[in-house]
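Two complexes, one shared chain (subunit A), two partners (subunit B, subunit C).
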Partner chain A sequence: MTIQRLVFDAAGLIAILFGGLMVVARNAVRGVLTLVVAFFALAVCYVMLLSPFIAAVQVIVYAGAILVLFLFVLMLLNIGHMPPERSGRPMQTFLGSVGVLVFAALLLGTLRGAGAAIPATTGMDPAALADPASLSRQFFSEYLLHFEAVSVLLLAALVGAFVLARREKKP
Partner chain B sequence: MTLVDWLIVILRVALPALIFPVLVIPLTWVERRGAAFIQDRLGPNRVGPFGLFQAIADMLKMFTKEAVTPANADKPLFLLAPAIAAFAALSTFAIVPYGATLKIDGREIELIGADVSIGILYSFAIVSLSVYAIVLAGWSSNNKFSLMGAIRSSAQIISYELAMTTAAAGVVLAASSFRLNDIIAMQMRPMPFVGFIPQWNIFIQPLGFIIFLVSAFAETNRLPFDLPEAEPELVAGYHTEYSAMRFGTFQMAEYVNVVVSCAITVTLYLGGWSLPGFHPESILGVVISILILAVKTAILVWIFVWVRWTLPRFRYDQLMRLGWKALLPLALVNLLWVAAIEMARMAR
Partner chain C sequence: MIGSIPLGDVLLVSAALFSIGTAGVLLRRNAIQIFLSIELMMNAANLALIGYGAALGTHEGQVIVFFVIAIAAAEASVGLAIFVALFRHTETIDVNKINLLKW
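On to the complex of A and B.
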């Protein structure tokens, strides 16, 4: 086992652990902070997968911008401690357990297949992909349609949020 | 790798990280004496020659004072915040080349912490994490003034980060690389038509330089943008509840941030360690190249001090308006301008 693999596994474990902590956190601010740690650990995983560019974007966009905005809103509204969830919701408990079981099965399946060689889908050199220049060349040639489609989707989400949040003008 | 290789790696990485905390000592002296000079008074001049040791005396004082933790503070986060501030401040410099390539015994040693392909993006990532230091400090203190400072700061840093990265995108476009080594190499070429001027980005995209510098003031929370700690309204903003060396850590981080953002500005827009007609080969040349970077950075740092004691503080709505309605559109204009130049260069 190489040191790279060790760092990757450790970062992956931290990401999963803090992702889970975020779900159960009763304090909203602490929830956001655990998510920051999870995202940062994910960025470390990307670096270990030879994709420093994606790692940097992950930290800049998610940890550095979106989660700061979350914190900003939480602090502005001063949302503190949430009261503990009241029990006696059989339907939710049942659905939740089914979800956990399905997830556990998927996780087991993934872990069992982890030793197998991953089939090369693109046939590209992973080291060449790490270079930001070749990455952007891919974006603006082979994957241009996907790239533009995602940007239109994001724009639609933006406009949608604006429409929902806008105050109705009284006639 | 042999032992010598390991030593070289450790030295070239650790040296810049260790030198910045030491730089805070002369910098506070420059700041306080400079302020006094601008305000027509003397400033601290009792400790050591010209008051040079005042900062050391202050530091000893901070180390020996009691570190108070407020009773209702969130203790782990309260302690974590200054640590994040110091970490972010000291690790931003890693991708800045601080001198020409050193050649000893057939070895070529690049004077840079880590020459990664994402270059300047790494710095932006660390800077975007440094906002958590301020936000956490403000929130965990459980104090209204601290919280106000933290809220202001998170909005301010995000707003100016946009203008800053868009301005830097112009430089990246011109060099077609994120690597600061490539950006310096691009600036070492002579300018077309007027060959005696170096091709520094400040001459090609002066608008981008101004936007980047103004954003750097905002990102380091310096006057005229020091709204997060505006003392007439917020006592001391996010670090109101901090005392002793915990406060000192925030102070140190601020000064280190000033020096590092000046060094990055020098590298992006003022040619870094290079000078026109200067091609260092010997060890002496490399030392001179480090000094060139230091002098250029020192000049910019003095501009930071100068501006701090000259301009009044912005109001919060003015700050936001400047960021979103002036700097960001101008940064986009700058980007278009650089793109047009590059198109013309490719067509030629």
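On to the complex of A and C.
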């Protein structure tokens, strides 16, 4: 058990633990805050998997921007203090739980041993893999069109969010 | 193997996170919490992509995850705008009470 693997497993366990806490959280604000912890743990996992740039993006964009947007909307609508919804549909909960258990079993069964099919060492060495400079070189040559398409998509999302959330003027 | 991390560990964490996200989507009734669970599922998929990319020694995993994060940002902004409009219209975000399209 090397230190690398130990850190990855510990961070993965923290992510799973706080992800679970998010699902059972009574209060949506508490759910967002536990998810921030889970995303930070996932960023640690990304660093261990030789992707420091993605780890930085995860912290800045996911934990920093997207979850703060969630928090902002929750505060804006003031729905953090709604009474806990027990609308009394036990059949729904039961069937949902059965579905999740079956799905998890299928997923684990499918993924067991999937890692062994990968050839041992092909491709580039770890130092080049973790290097943001060579990653960005690939971004702005091979994937330049995709990059620009995403910028147009973000603009469309900006306009769409504005149109959807705008208060319509009373005639 | 990525360094000394076996790919099996990565896939295990990813599968567990995805299953937790599925549980949240199926069992919660608060629309915002369902949305948060979807974000968790997306992160589980990202983890698997990064793991496979690193194990194969290519940058493609990181490139795809970068685009996924950018699109997740767009999705979150539009989705939350829909929730704001919905809440203004119906005064609730309980998905059992939002049944306009049900019948």
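Keep this in mind: the second predicted complex is superposed on the first by the 129 of 171 C-alpha atoms of A that agree within 3 Å, B and C clash if a C-alpha of one lies under 4 Å from a C-alpha of the other, contacts with A are read in each partner's own complex, and residues count from 1 in each chain.
Everything that follows uses one rule, which is that a contact is a pair of C-beta atoms (placed from the backbone, for glycine too) under 8 Å apart; a residue touches a chain by one contact, two chains touch by 3 or more.
Predicted model only: the values in this text are computed from it and were never measured.
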item: Touching partner for A:Val44 - first (subunit B), second (subunit C), both, neither; value: neither
item: Subunit A residues touched by each partner, larger count belonging to subunit B or subunit C; value: C
item: Contacts of A:Val68 with subunit B and subunit C, given as first, second, both or neither; value: first
item: Partner chain(s) touched by A:Val36 [first = subunit B, second = subunit C, both, neither]; value: first
item: Touched partner set for A:Gln138, first subunit B, second subunit C, both or neither; value: second
item: First (subunit B), second (subunit C), both or neither touched by A:Leu76; value: both
item: First (subunit B), second (subunit C), both or neither touched by A:Gly99; value: second
item: Which of subunit B and subunit C A:Phe53 touches, first, second, both or neither; value: both
item: Doubly contacted subunit A residues - partners subunit C and subunit B; value: 53, 57, 65, 69, 76
item: Subunit C residues within the subunit A interface of the complex; value: 1-24, 26-30, 32-33, 35-37, 39-40, 43, 46-47, 50-59, 61-63, 65-67, 69-78, 80-85, 87-88, 93-94, 96-97
item: Of all residues in subunit A, those that touch subunit B in their complex; value: 29, 33, 36, 40, 43, 52-53, 55-57, 59-60, 63-65, 68-69, 71-72, 75-76, 130-133
item: Contact footprint of subunit A on subunit B as seen in their complex; value: 77, 116-118, 121-122, 124-125, 127-129, 131-132, 135-136, 138-139, 147, 150-151, 154-155, 157-158, 161, 165, 176-178
item: Touching residues on subunit A, where the partner in the complex is subunit C; value: 2, 4-5, 8-9, 12, 15-16, 19-20, 22-23, 25, 28, 31-32, 35, 38-39, 42, 45-46, 48-51, 53-54, 57-58, 61-62, 65-67, 69-70, 73-74, 76-77, 79, 82, 85, 87, 89, 93, 96-97, 99-100, 103-104, 107-108, 111-116, 118, 120-126, 129, 134-135, 138-139, 143, 146, 150, 153-154, 156-158, 160-162, 164-165, 167
